[in-house]
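The two complexes that follow have subunit A in common; it is paired with subunit B in the first and with subunit C in the second.
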Partner chain A sequence: MVTILRARGDRSIRSFIDYERGTISRELYVHPDIFEQEMEQIFQRCWLFLGHESQIPNPGDFIVSRMGTEEVIVVRDRKDKQIRAFLNSCRHRGMKVCRYDQGNNLVFTCPFHAWTYDTAGKLVGVGYGNHPEAYGDTRPGDQWGLAQVAQFKNFHGSLWATWDPKAPSFEDYLGPFTASLRHCLQSSDGEDGGLEMFTPFQRHRLPTNWKVPGFTSVTDGTHAAMTHRSAAAAGLHEDRGQGKAKPGTPFPREMYAIGDHNLGHGGQCTFYNQPGVPDYTDEWFEPGVDDYFRETAGRKAQLYANRVLAPHGWGGGHFAIFPCVMVDSWRIRWYHPHETGMVERWTLCGVDKNAPKHVKNAVRHYVQRYNGPTGFFESDDMENWNYVYPASRGVRARKLDYFFANGLGHGKYDDRLPGVVVNGAYTEEAQRARFSRWLAFMEAKSWDDLYPVNTSKNHRIW
Partner chain B sequence: MAETKGYDLTGKGGIQAWSSLPEGTKLTLLNGAVGEIIANPHDGGWVLIKFQEHPHDPSKVGQEEYVFFNEVQTAAG
Partner chain C sequence: MLELTTVDTASLQRVILQHDVEQFLYKEARLLDERRLEEWLELLAEELHYWMPMRRNIKFGDWDLEFTSHETEINWFDEGKDVLAGRIRQINTGVHWPEEPVSRFEHIISNVELVGVEGDEISVNSKFFCYQNRLQDEVNQWVGRREDLLRRDPATKFKLVKRKIILAQNVMLPKVVNTFF
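This part shows the complex of A and B:
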């Protein structure tokens, strides 16, 4: 049995979740022991999002990303041009070998003792390595290269990694959401991997637990009406409040909230009931932008003439990949835990890499209005998240439970997404699915207990 | 014929000179090996050279290796 100490005495983690009432103890969000266990049990095992290949197009290009609480260097090698990811920690004394967010390097030189690594992570030099009174035959060899992730995947331009060699393939990890992620990474004309990301990208550090935005709020259908009411009134959408967007010809579709309780992914969902794509609707304030997107939508319609759209992205809604990535068409947002009450939110916004400059500019301005320091929508969210944590962690407040019972018991399986529970569009099915998988990870000894998902085991809560 | 420029790698100025050594600069190492700089990461510690002579290990001639500043006797280019 998995136990934690000090949090209301020794209890199993399972006991903090009330299956019948659909509630979750606030202790799971505020207790440091839970956080430490999450880093070991979840963030050391899961496939985590690192960035996008368009951030490092040239040999020697690198970005510093994160996996859980730790930094990783994601670098395109100068020789074989392959992208790899390494822990940003010198093997000698643990110093960061890179202290920049992004750049282009020949080598990563540790400023402490000059242990130096090439862009394939190989140790290529140590200070005094050839000195007659230093290392001699104890000079460190190839096994002292930077610590490399166990598995790495470039999925249509998006970069993912896991520290666990026993984790399933990335596609198996995604399960029925593979097609949706591929769709979200397409350009507006349906070309695979057709995006490039705006750089530098936005990062916000928030004094809250990572699950507040990552679990509670990702694909939360009921928050927008109130939280974003003022931003909508300010006219920050694509048409800048001009009322330009007009409903197009109705396209047969159904919208839901869904949760994969076996794999933990879920969110909004649109099932399209016929091949093709919905008609393009003019919505941009800037001249010429609608002309571009109308033309690309036409090409996409031809591409999908006999295909049914994936249920997410490009108008279909966004979804979350367990544990902490939120994916929408041309936009990926993800959460890096730092400590129990501190998380960083990173947002990568993309655009068709072949789009003309005026379209790229319009999209960039839109995402700045949406996300940036002078934007509104994301700031609205973050204000909520900031205040949730201090209002939940006091000795009285933490004894209460969070309500996650919206739609509990009303979900159904649907053959269009095997194994996924489909529920009303404004229910909390996705949130419950995350906690089903969260509990499985927190109780599992290894990936042997997690994949293939053994539904005969009682590791699901909902 | 191009004039060979010698670099003074000593003192405060030497640190700056080392960090800025251009590609093509010829280095003579303390062990007598000679090589030409093919890349400088400008980190103040290392340059990448291709060996042209190596009195102790001829098999290294033509190979590339990173060289730390305190292994170098002279630099000229």
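This part shows the complex of A and C:
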């Protein structure tokens, strides 16, 4: 139950979504009680994206990342070289143990009373530890190490974690999208884990609810023409480096918007109807870049001579991993809620780790001018995502519902991605699927109610 | 009794140069604030490198890590005149939503310090405060300093050849950066 306003009584979470009409109550975006519950029910349970192993190649290397509203230290241990993630909060009195964005450490020493943790999170010393009039036999033991994530996964170089020991394995969490994520993390020649990420995280604030960009930006096919009108009018689509595509030999494929109402993932999708790889048709401004990518595409074509491409990444489109990680082959963008009306957006952009410098430079310049608060394209998104919030939260405005019915009732299951609903490319299928899963998380008492998915209990196509 | 000393030519030239450089930087700021962005573009050299690195929180002494590299890393801006011209075309479409309706920008430039002169080229440092007010109550601000390389130019007095913008921020707090510094 969420207490909305005394005058209007308590409401069940389920009452916020109207499957028949395809609408969602605006309270979902603006109510602080719902936000608090989301942090507990969703961000404490889901697999969340932390960063990439290429950001911390050496023993002792660390970055500070986030899981929802909180910071985590992601560190490669000096002894076993394994990467682990810990809450950035000292076990003594809760001071932020690490105030740096990145670095290389022997140990993490808290600036308050010098509790000191090694790179495996173990408490290895405390200030006044040997003082005769201090701790003595009350000296904290092994159970006072940094709070470690319950499960951690290095998936082809991308780093993920969950606070919930009962969460299913990362691959089970991804379900039919496992192959897509793997494909997105391949280099352009099809080598697994062949990407490295340009450092550092691009991070900026956006005054809106996290679900505005987090749930409804992938896939939002109908926004592009209007939202990004200025980029088109200014001819910036041709400034994209990758935009001036030449026509290639037609490759049999179908494009859709898809949503997994059981697991919450979804996005754009390309089903390739035969093995192989479409012709390389991009045209970069910078000399020599096309030569490189044509060559790697050729190698990938050999690799895929008898294999059908995964439906996302490398021209296939982007998709979102629940709750709010947007993935394609050249960038990962994700959202860290701060409060009901404030989110922090992070971006990491990838490039073939074996690419020559001129190729890395061309890709880097492209992603710099495309993404984020200084990017041609995303600056337009920010304005719309921002002002949704103040215009939805008035006492009158919040009594209305949002329209999520684009394509409602037209989705169909498709054998090529079992359990996933396929719909027209410009429908809101992926967005509805996220809300299906959102509801399941908000109602669930634990992962027992969430996995294996219980279609009859939690979900329905809408 | 006080005696007026003759001011030597070198000092005088330096004072005049300081004055001219200041006037150039102030004019630049005024063109931005008066929304004369295409005129601002004319003050930029064709081979301009316009760079605003990100800034990390780092351990005392790890100074090499503080600014992101424009050779290998992600920066807020790292581009030439062509990309800046594209940004200006976009702002001037009238449908670039974060700048429609247009903002009220005010750039305040100060601490102009000549660092070096080599032939036609002048290294100059300065500071900026940029205030943005838009719609009813949206306020964003950016504070920082710049390390510029100017070159003497017959038409516009100087052209901006290089600019490193050192922004006093870590996470970018405004949602969009729609002006120039």
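One rule holds for everything that comes next: the second predicted complex is superposed on the first by the 434 of 462 C-alpha atoms of A that agree within 3 Å, B and C clash if a C-alpha of one lies under 4 Å from a C-alpha of the other, contacts with A are read in each partner's own complex, and residues count from 1 in each chain.
Assume contacts are C-beta pairs under 8 Å (C-beta built on N, C-alpha and C of every residue); 3 or more make two chains touch, one makes a residue touch a chain.
This is a predicted model, so every value here is computed, not measured.
Which partner chains sit in contact with A:R364 here, subunit B, subunit C, both or neither? Use first/second/both/neither.
second
Applying the touch criterion given at the start, work out whether A:V107 contacts subunit B, subunit C, both or neither, answering first, second, both or neither.
Touch partner of A:V107: subunit B, not subunit C.
So which one touches more of the residues on subunit A, subunit B or subunit C?
It is C that touches the greater number of subunit A residues.
Should A:T199 be classified as contacting the first partner (subunit B), the second (subunit C), both, or neither?
Second partner only, subunit C.
Is A:M382 touching the first partner subunit B, the second partner subunit C, both, or neither of them?
A:M382 sits against subunit C, while subunit B stays out of touch.
If we overlay the two complexes on their shared chain A, which of subunit B and subunit C does A:R76 touch? Say first, second, both or neither.
Neither partner.
Inside the complex, what are the residues of subunit C that reach subunit A?
Spelled out, the residues of subunit C in touch with subunit A are 52, 54, 56-59, 62, 65, 68, 71-79, 82-83, 86-87, 89-93, 95-98, 170-178.
For subunit B, which residues count as touching subunit A in their complex?
Touching subunit A from subunit B are residues 31, 39-41, 43, 45-46, 48, 65-68, 70-71.
Mind listing the subunit A positions that touch subunit C in their complex?
Contact set of subunit A toward subunit C: 99-103, 198-200, 202-207, 227, 229-231, 233-236, 239, 344, 349, 360-361, 364-365, 367-369, 372-374, 376, 379-380, 382-384, 386.
Going by the contact rule at the top, pick out the subunit A residues touching subunit B in the complex.
105-107, 109, 114, 116, 124-125, 127-131
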